[in-house]
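Below, chain A partners chain B and then partners chain C, in two separate complexes.
On to the complex of A and B.
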């Protein structure tokens, strides 16, 4: 490793550590003030009317003391030896006159220092690199170091700026007495700060790993070239997956244990409160049960699809056209399908009830009756999915070697025996796969419910997706909707894990 | 031989009956779309319109700004198809052809994303896009489906099934990695790319939930959302509703019928979809 390279690596590490320390410092400064002012207010409130005259902190200078006696908001004041104090006014029993103040010392510096400890370590490493201590000579070529340095620099600049704004908004320094800061009660977002710190940590770790790897591969430039090339091919999709799939998973878990109110930027941690709320919500259980009942259309449709596949497996002229026709509902626009079925199932003028009437059967209010609404949706779903399942079964049937069936025939097996003993066992994996995939997809079904029943009548067709949609976008309870999503996710993960075990054969060569 | 002939006739009857069941709702949709507004309110209902009324289509499609909705759906579909095809080809190629550092863990990450049901990510994705200020914008509408992990797997499998000789020859001739990919690999992978494109198109055209939550203004509605709200507004006018439904169906059916071979290939790969 040349001197220049070492210096570049050192510079990158230095930048990164300084950035991280700065972020932690600024963030905790703001967060601590806000938290402390809340605590001071709470204590002041508890004292109010009970304390005859709580003392003002007397060691402050006169200007600050007079501000304390007048201002009804929490304040940051600096005592003569430089410590910061967050105060909240205590009023008399009539809530009229300020008679004292509660003051709490801030400890954000200590908190910031402890948070920034890893960065201090990195700082030491950087210094060690610069002076050339052998033990900390992490080998790393110029390119990686400079690239990492640029990355850190940009990330650090962005985060520090962002956080400085947040802290300035929190405590406007332009207030007349320079030592006095008026506190707004909104803290900078703890989650956002945490995210930035995590980002810095991850980028730092990645850069260190890159430097190590690059050094280890120094003998094999071809591999370095190939890796860089491959990663650049993968970067676009990886970036999208990180932002729109991987980050949302963490975010989902985070929302589900915090309050998420659109009006307030305050998002306190509430533990499992939202999960308790949905556990006590009969509508949630209703939706879950409806979803499980609704999923029953899958095995029913599979039986029909297997029958259809057997019918369409015959060597008839024009059979290909018929296969395409059977498949149409699967690709058709779901809203259009929902509309035509709503029309077919119409109580007074629907074709289905007209057919019942000609058979002298009573009319059924298919979508208006809680007993028939869910079965009606299941019927539509079955019609929509039949083609897909049929095609998969058809592929399964055509993969069965004819010789096996011929052998069974020569052994004297009749058609039913040939199906039961030869065909069906060969179709078992396909069936398991279809069953699990179908059930997973049945939990995604939203359009039919949204267009045909809106979850009604009397929540008879309320399914989880629809509840999540309503909870979030109609009742604006994103946090509760997130908790429901976590439950749904858990349920589907189990099913997916099962599904993958069945397609392991396919995935094994992956 | 009377027996096989009878069987053949029975087979035909079953197959045609099945096809009729599947296609009947579409025919009924079309028939109703051509009826008079009050003609449908008869018992028993007429199966065919007395006089086909084609004006239903123009009336229904101008009652709401459907031209705008079709434009939005088209933008969504084109962006989704482009994004998914490009990223699937690039990432699939890299996973299939390159042996690079970090490949195994990265592949595991991609596999892992397939396990997460998209429906559960609706809330955090929305709040994330909201935080980016992209709610009620075209960018927000198209953002979430630009990459599909299953398409990447399909492309990877397809590239693995192709011989590498031509690529190696091109490399010996001094072609760059990008040239090898673009000039040699992509043209060979056209059938699989068509499959990815077709599924992306159909999924994008049928999508309702995300477009519904991301579009606040009616101007950003896609066709599916437009037809759904049309249904709420003209609840009693079934011929208009059916006309709008037919219009929503046509593009996706045309694309499907034009490219059904690619579709069946995708289903054969169903293991990951």
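On to the complex of A and C.
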């Protein structure tokens, strides 16, 4: 396979995915209720006064028919199989009695065509791809192409069949008025169609990928086998990632651009309205600023942790026990830590204030005072993270070859120079790692705020995650909360990208 | 430059391991002394004691007549080239070489002049802006060397600096190091367990075993006149042949018999270098079978087995006249046998 052919394969896959997504979008959103209502009403009026047919084509249950009788407006009703239709009553010539109804289903035939078309287009591309492969001697790639084609065809045919079947099953029988016959295009069930579309999308991608693989295998068998092995190894975690990370993020993005709440089933698209709303929300900015200030505890703790690690790196008696003691807070449950610190910082009974009192200093309401609440939270976070950072630094210190330190000693470096010129630069990857992951984690910080201050006093400790939580679960504004989450997500993505870049840079250095 | 003197140096590690046991050794000003011995005999420990990276249990270290035993490394004015070179990975070659000067607060023209000089001396001027990871083994070794010479120390310590290089680069670097030594007139203590390195480079070789200094002297003197079986065995490749036996009167009797100018009657070991075994029929030749002939070009190694089972190696000039399976006679060239006491390996004559 040449590079151009490979590119064509990739393009085909892309086209295929885009087309399928388009179809799915069309299936879910292409229903214009107003237009359909007008159409249904026009059809009903055209039929006005005709003799009712004995075998009326609609599968409406009694309740729905009675609803029809009371109201002349077109109604959106649901079929027993779950599909949606617009109905309009057909009355007798006197415009008095309802003698039937016109039902208008979605325009599924177009959908069927638009589903089948990209399928065959992709199939054509795939076949063209195979014909273009001159250097392929073995039969493998050809078999793969045929197999892929069959897969494609089967998936496409299944979709089309499903759509046509549905038309036949729900079409008016012999005695129905001819006008109705053409109108009543029966839809398949939405869920099933969606499933088929998904299958189609996956099979399309798989087909092209298979062709690609097989062609490449003729060239470099070992590499393909390796690739195959690698993919099979990461498949489980990939699936996990898809289901529990990618899918929720996709859902989050969807919610953030729709009006979405638990009670209403109508969830119209609103574009960036929620983002505009949070941009004008002073509390959101407050939370963002608090988050940035809060994140400052990370570098401060790092300095302390490095100091501790340098001390605990010495071969002293009892040093191992001390290491464990410093590490312990990190293992402790955050809620428990929060509760203990709540008590330590308590205005009336807290240990800290008791200590202040013995020094004849005024008592401070650490968590109740807007000026001290956030610093107090930062103190607790620092206390909890110190052990972890210390252990990471300790590992970093012990990874520095002893001979480098000795070389520096021989080269005449004193202790401070050894630290500044050798130890610190060699710890740089560790430091960047701690800083970036620390900041990322600080933006996730929720438990402490939730347990100790609930964002208060006066929003002094209101951080982004807490804001999101409150917006979603207390104010029930899931869509706005989703928009905030998207912003947070973007922020963290930038940080993560930064971390990746530095990690890569360091790897190139070493 | 200065001389280096170790006196009764002892290093006992925690746990009772004796790394260095009463070593007294002097490296004269501008001399090149090689410290050789089998693995684990305490060579590195001696270097570390000299460098100040370890504290001795007892004994003293003097550099240029100054007692430095309890001084920290940076006040001793010694440079050490580590086996793994210990270049700072985050610094460029230039910064590595400049490091000893920079920590002494040297800067500007003087610093760059000395860095450039050192780099040019070692022919790594073109590599100055690379990181150590981007260098080959030989280039790293040169960079480490440049870092050592740039500050013009009182003496140099080398810890098997060539052991990470391939054979060809090693041979070349050997010659370059000798030339460098001549040019700098540096005092060098050079640790190796490669006896070829020691014999070809050093003016003085000191042989160690199990923490003790066995013998020191000019390389050829040690080769010809070893004080003990251990020294004899360590120098020379292939190793010296040994045959157990007994000295009586003026003869040595064993699987090989020869004259021995030893008065005492004692259980003894005859040591004979491969080049001192003579093949061919003779009156006092011992019968042996050729097990393998290894032609090396200008000479050949002939491996033999005596009737009594002892294995010997003979070195003969040019191509060997025999081949595997042949029966030959073997004897010791007159006056070349070395005799050691069987009990403790000390030299009889």
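FYI, the second predicted complex is superposed on the first by the 266 of 510 C-alpha atoms of A that agree within 3 Å, B and C clash if a C-alpha of one lies under 4 Å from a C-alpha of the other, contacts with A are read in each partner's own complex, and residues count from 1 in each chain.
The definition used in the following text is that a contact is a pair of C-beta atoms (placed from the backbone, for glycine too) under 8 Å apart; a residue touches a chain by one contact, two chains touch by 3 or more.
None of these values were measured; they are calculated from a predicted model.
Superposed on chain A, are chain B and chain C clashing or fitting side by side?
Superposition result for chain B and chain C: fit.
Between chain B and chain C, pick out the one touching the greater number of residues of chain A.
B
Touch check for A:371: first (chain B), second (chain C), both, or neither?
neither
Which partner does A:300 reach: the first (chain B), the second (chain C), both, or neither?
Neither partner.
Touching A:202, do we find chain B (first), chain C (second), both, or neither?
Neither partner.
A:331 contacts which: chain B (first), chain C (second), both, neither?
first
Examine A:494 and indicate which partner it touches, taking first as chain B and second as chain C; both and neither are also allowed.
The answer is neither, since A:494 touches no partner chain.
Can A:361 be said to touch chain B (first), chain C (second), both, or neither?
In the superposition, A:361 touches no partner, neither chain B nor chain C.
Once both complexes sit on top of each other, what is the least C-alpha distance from chain B to chain C, rounded to whole angstrom?
So the smallest C-alpha gap separating chain B from chain C comes to 11 Å.
Which residues form the common part of the chain A surface touched by chain B and by chain C?
510.
Help me check something: in the complex, which residues belonging to chain A touch chain C?
401, 403-404, 406-414, 417, 421-422, 425-426, 428, 509-510
Residue numbers of chain A touching chain B in their complex, please.
Against chain B, chain A makes touches at 213, 217, 223, 226-227, 229-231, 233-234, 236-238, 240-241, 243-249, 251-252, 255, 260, 308, 311-312, 314, 316, 319, 322, 324-329, 331-337, 339-344, 346, 348-349, 351, 354, 357-358, 383, 386-388, 391-392, 395, 433, 437, 440, 443-444, 446-447, 450-451, 465, 468-469, 472-473, 478, 481-482, 485-486, 488-489, 492-493, 496-497, 500, 503, 506-507, 510.
Considering the complex alone, what residue numbers of chain C touch chain A?
It comes out as residues 51-53, 72-74, 78-80, 82, 84, 86, 88-91, 99-100, 102-104, 131, 133, 147, 151.
Name, in rising order, each residue of chain B that touches chain A in their complex.
Within the complex, chain B touches chain A at residues 8, 11-12, 14-16, 18-19, 22-23, 25-26, 28-29, 32, 40-45, 83, 86-88, 90-91, 93-95, 98-103, 106-107, 109-111, 113, 115-128, 143-144, 146-147, 149, 152-153, 156-157, 177, 181, 202, 205-206, 208-209, 212-213, 223-224, 227-228, 231, 238, 241-242, 244-246, 248-249, 252-253, 256-257, 260, 263-264, 267-268, 270-272.
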